[in-house]
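In what comes next, chain A is part of two complexes: it sits with chain B in the first one and with chain C in the second one.
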Partner chain A sequence: MPVGLIRYSPINLGRWLVWGGFALALVIAPLVFSSGSSLSLLSLMGTMMIFSLSYNMLLGQSGMLSFGHAVYSGLGAFFAIHAINLSSSGTLQVPLTLVPLVGGVAGLLFGALFGYVTTQRSGTAFSMISLGIVELVFACSLMFPGFFGGEGGVSGDRVFGRPFFGISFGPQIQVYYLIAFWLFVSAVAMFALAHTPLGRIANAVRDNPERAEFVGYDPQRVRFLMLMLSAFFAGISGGLAAINFEIVSAENVSAARSGAVLLFAFIGGTGIFFGPMLGAIVGVLLTVMLPEFTKAWLLYRDFFHHDGHVRTGRHGQPDRDEPAPGIQGTDAACAACHAAAGRACGHRSDRVRDADRDDVSAVARRGTWHFLEFVRMERRCYVDACLADRDLYAACRRRIFSATTWRVSGCLGGCAGRA
Partner chain B sequence: MEFTLISLLNGLSYGLLLFMLSSGLTLIFSMMGVLNFAHASFYMLGAYFGYAISQQFGFWPALIIAPLLTGLAGALIERFGLRAVHKHGHVSELLFTFGLSYVIAELVQLVWGRAAVPYKIPSELDGPLFSLFTMAFPAYRGFMMLVAVLMVVAIWLLLTRTRIGLVIQAALTHPETVEALGHNVPRVFMLVFGGGCALAGLAGVIGGNAFVTEPAMAATVGSIIFVVVVVGGMGSLGGAFLASLLIGMVQTFAVALDWSLLGPLARVGIAPSPELPVYRLLSLTLSEVAPILPYLLLVLVLIFRPRGLMGKRES
Partner chain C sequence: MSTPALDLKNVRKQFGSAEIIRGVNLAIQPGERVAIIGPNGAGKSTLFNLISGRFAPSSGEILLNGRQIAGLAPSQINRLGLSRSFQITNIFHRLSVFENLRCAVLWSLGYRYSFWHRLSALKVAREVAEQVMESIGLGWRRDTTAGLLTYAEQRALEIGITVAGGADVILLDEPTAGMSRSESDKAVELIREVTVGKTLLMVEHDMSVVFGVADRIAVVVYGEVIACDTPEAIRDNARVQEAYLGGHAPAQEPA
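And then the complex of A and B:
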């Protein structure tokens, strides 16, 4: 009698309910929270959820505590934004819906490259090497402005080609559904992966590498495979972030970003598959909401730099000209920046002169891209101002290079005080 | 010649400062198996304590009190935080210290603000120590080197010539046996953790005014000292010493040299045009590459000698 003719495969009702509920929640969420700011918040959450889930493939499933996971999502984001730019100029034909895949493949390739080095070791040494890799990539990103766009980053325009059934991906709601689609697909894929033999062996390697080795599996190889796959999903989240914000800067590959995803995944719980998703929701809410309640908002905002805002007002499109939650952050930083720069230097760029006419909050409302540009312009005059004081200049340069807004503003303040 | 000598001295003083940081980290790691992610935060804490105390009482009292305070903070954190996490394994401990680094950075910002504080070199040490040809070597750099060397000698004497040093050395490898002999190993752990943090604090007090005292200083130096520890071989003091000097030298020399690959290419008669895609890569000067050199070294060491320069075992 052939084996396996009769199979007992009951329908896993609970699983269908959970995933059906998840899909339903994704569809309904923007109908319930329909204001512009909650839409951008939901989109941000979606990208962070994929990112946290991919991170948990390392920490939760394979026991690898990585301090440099943003490398893969960030590089994926850079490749995605370049794909967008090439597609809008007509050199490349990638529909926007598949741009996250570009990010994913980039993540996979860099996962193969860096993962080969990092997964040579496990435990604490792995963590330290992953930190080294993220610092390496971050430093490199400022070294090749052609690809990484220097401190200002690379910006793009996600609306290209002819609208397909009225879908142009201009309005935030369409981008939300794109993110939700990729979130669902990625989550299902990662869940399925956790139940493949590879996923199970990864658990074994996490719990007891020696025994896994005795059974005949090479732990290093298992870690390498898991890291590559995790980097793939991180790249997808990076691609979605690039679509969502239309700007990718060096901050996307920084250790700060890696730390944020580690915190999110850990807060949500690494033992349960859905834990990191919850962590991403809570984490994003905290990073965006807390600034409104406490003066120490920069403390929380440091994780996100500009992710709290949407880039708004491009060609005056009204549907996207909406200040995102947490805009006060840029506001304050901008004000500090502005005030300091006003004292520190005489010459101004056009954009800054523009800013002069409006009040500072208007600059903030114009969004991240302008803000970064603003900082970049300011940096020039401020370098002039600081040249007199070499030590201070060196310190400031370091800080500007690390490019988080508060550091820049703090630095400008310090410089204006001394110059 | 002049450049080489001055760079050598600068590299030496920077390397010694790195060793002051990495020695504590290595001691803690080899003893407790904990890689203290927050170690650089204690360095920052030391610098800020040093600044605050020197505002009130001057630099010299700060040199003594600030490391002690930092060490006390470290010991308290070990006693009431890390010890509770210990039973969950090394990854949890690493996560704990990772979170701690955030907390310390934020506390420092809440207390002292986000801008750099004006932590000045004491006037006695402000000025040149000696002149080599035309360049002056600052007295404070000499002082830093002196303190670092004294510290190295003190650690060495403490570990090899005293009773507590013997107990520490024994507890490194055979904690159960040492405990069975009647020594309080958890207290020894606490002392080592506090001591390591105090060393980092001392480095902060003398490094904070030589460089800049700011909330980002922990992140700046933090990843470098992890590189030092991994390159030197996890848990090897000698390796940490070697790697500190190596990285100190590499960074000091690299930032001052503007060599690029274009030079050697021009010598063999190749002049790549600026349109070439790899032109940017070829035209990168050594000073531009300087920030990534430690990390490149890390990657190379891991590929060719995974246990580090002087590491004994592979994890």
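And then the complex of A and C:
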């Protein structure tokens, strides 16, 4: 090219518009849908969008149908919640904004470990082996309660350390923006990955693994690398789920969740990059809104939550007879805490009215989503409101952060009885 | 005498109790163009599969530029400078023509399993792919999905993928299978163009293609090479006439 000739490289306007529009949508979505449950919905959508995109790296780009992708996101979630707990207690110093990376690295390591075994085969054999691995990990999660927390899972408090410029990540909107940030970064990274030599050769291996071999590439190595990278992003989504829900249980590594992400990816379309993101949005809406429209929500609830997450005791009634053990606070402190929580938490949810706050079973009848929302907000409310009385907080904290919700209601009941 | 580009020494291949290749000896000099002909079921494709690494020989040696390649994986053999095409079109059917060719050059340019290079920034890869695309005459089909090409275009793409990597030894397995006369003539031109300076081993049934391209012809019958000589000598070889042409050889003029 002669020196002095001006090169004209047009900016890829379309690309800037699309990604800019995406970033803009992420920023203004909570301002448009600003109610409490909408924020939680958006946060859940955010984590599932990263999860679906990472799954499509395997399915749409590399041609590997995996039934066990939740292993990597679930194990990432477990490592993230432990990192949160260790940082809360001061053993580690991982800021909350970087906890998803902990999940990502955990996903990457397990992707390397399990991936080496599973990618020895392709096609149907690979799918079946991945199903076996997820069931194996799920079974292990109930066998090692020290790490996996047994049936109740592992809980944590995402508010620890000093607030960073006033951001404590207690309120849901702050968590949403954290998720949105990681979603944008992960989406950009995965899009870029699709346009690298490895990404393109993964497409070639998807189309014709034999021919790829005869142009110099080892298909097994390509699949292994793609699985590791996909597991990294799945781990990030798991870490964000741990932050969002503050609890991780065996359900995070279940085959049901793997099936859900498979469904989301197919709903949205595996052929285009943004497809699985749309599928995640639609899929989350379906799983959450379904109870609004059908009285058979119990059936679907048990399909999606087959673990101690939502346990309301026998006959669906919270177990009010057993007093919340271990409450040490004084009557006055209990009353003050309860009153403060009542003020703080009264307006939190526009779906859960004050009158029902103490009648947990009534809330439960409204639907799984509202119930989980209620429980989560109650926990957060009580944590925020009861910080004044350290003894009560310490005593209630064990119960508040316990997975089974009847214990939460027991704590509420225990306090309510004395208010 | 220089090292043969490809040297087969007493190669045998057995599938169970059936011995398909029964002691093949063949030495191909660098830059030579050799066509392998023979009746159906003689073991020509099996021979290609043995050389390119799809199967490992039961016994015998295969040497590429003096290096043992018997028993290596196909990807390893390809990296050493041997590339093959397939009788049944084997392309990346969901990628575009340009992407097909770019995938074929990536390893040879040293990018390996890189996920830190932006594809659009790889100028050399793009230029080599475009050059091969022009030489196989598919420049006007650059962004067409490969699975939607016509049959002859797919065969041309197949050849393009084979030569794009810059391998020195090219194996073409029936490149003109299923083509009409005019398409075959174009394919012969293409093969002559893209294999300039390279060693070519070609399985073919079409005699006009064979006589148009080959320096030497090897005749394989029942897993053995019964003759390996110039086209004229092969035409006059009585054994070949009997075994392959059935003893009723019509006088053929080279195309």
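Note that in this section the second predicted complex is superposed on the first by the 290 of 419 C-alpha atoms of A that agree within 3 Å, B and C clash if a C-alpha of one lies under 4 Å from a C-alpha of the other, contacts with A are read in each partner's own complex, and residues count from 1 in each chain.
Here, contacts are C-beta pairs under 8 Å (C-beta built on N, C-alpha and C of every residue); 3 or more make two chains touch, one makes a residue touch a chain.
Not measured: the values here are computed from a predicted model.
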Which superposed partner A:222 touches (first chain B, second chain C, both, neither): second
Which superposed partner A:129 touches (first chain B, second chain C, both, neither): first
Touched partner set for A:201, first chain B, second chain C, both or neither: second
Partner contacting more residues of chain A (chain B vs chain C): B
First, second, both or neither for A:174, with chain B first and chain C second: neither
Residues of chain B touching chain A in the complex: 29, 33, 35, 90-91, 94-95, 98-99, 102, 106, 109-110, 113-116, 211-212, 214, 216, 219-220, 223, 226-227, 229-230, 234, 280, 284, 288-289, 291-292, 294-296, 298-299, 302-303, 306, 314-315
Complex contacts: residues of chain A adjacent to chain C: 192-193, 195-201, 203-204, 206-208, 210-218, 221-222, 225, 229
Chain A contact footprint on chain C (complex, rising order): 52, 73-75, 78-79, 83-84, 86, 90-95, 99, 102-104, 106-108, 111-120, 122, 161, 165
Sites on chain A touched by chain B in the complex: 63, 65, 67, 117, 120-125, 127-129, 131-133, 135-136, 139-140, 143-144, 146, 255, 259, 262-263, 266, 296, 298-299, 391-392, 394-395, 398-399, 402, 406-407, 410-411, 413-414
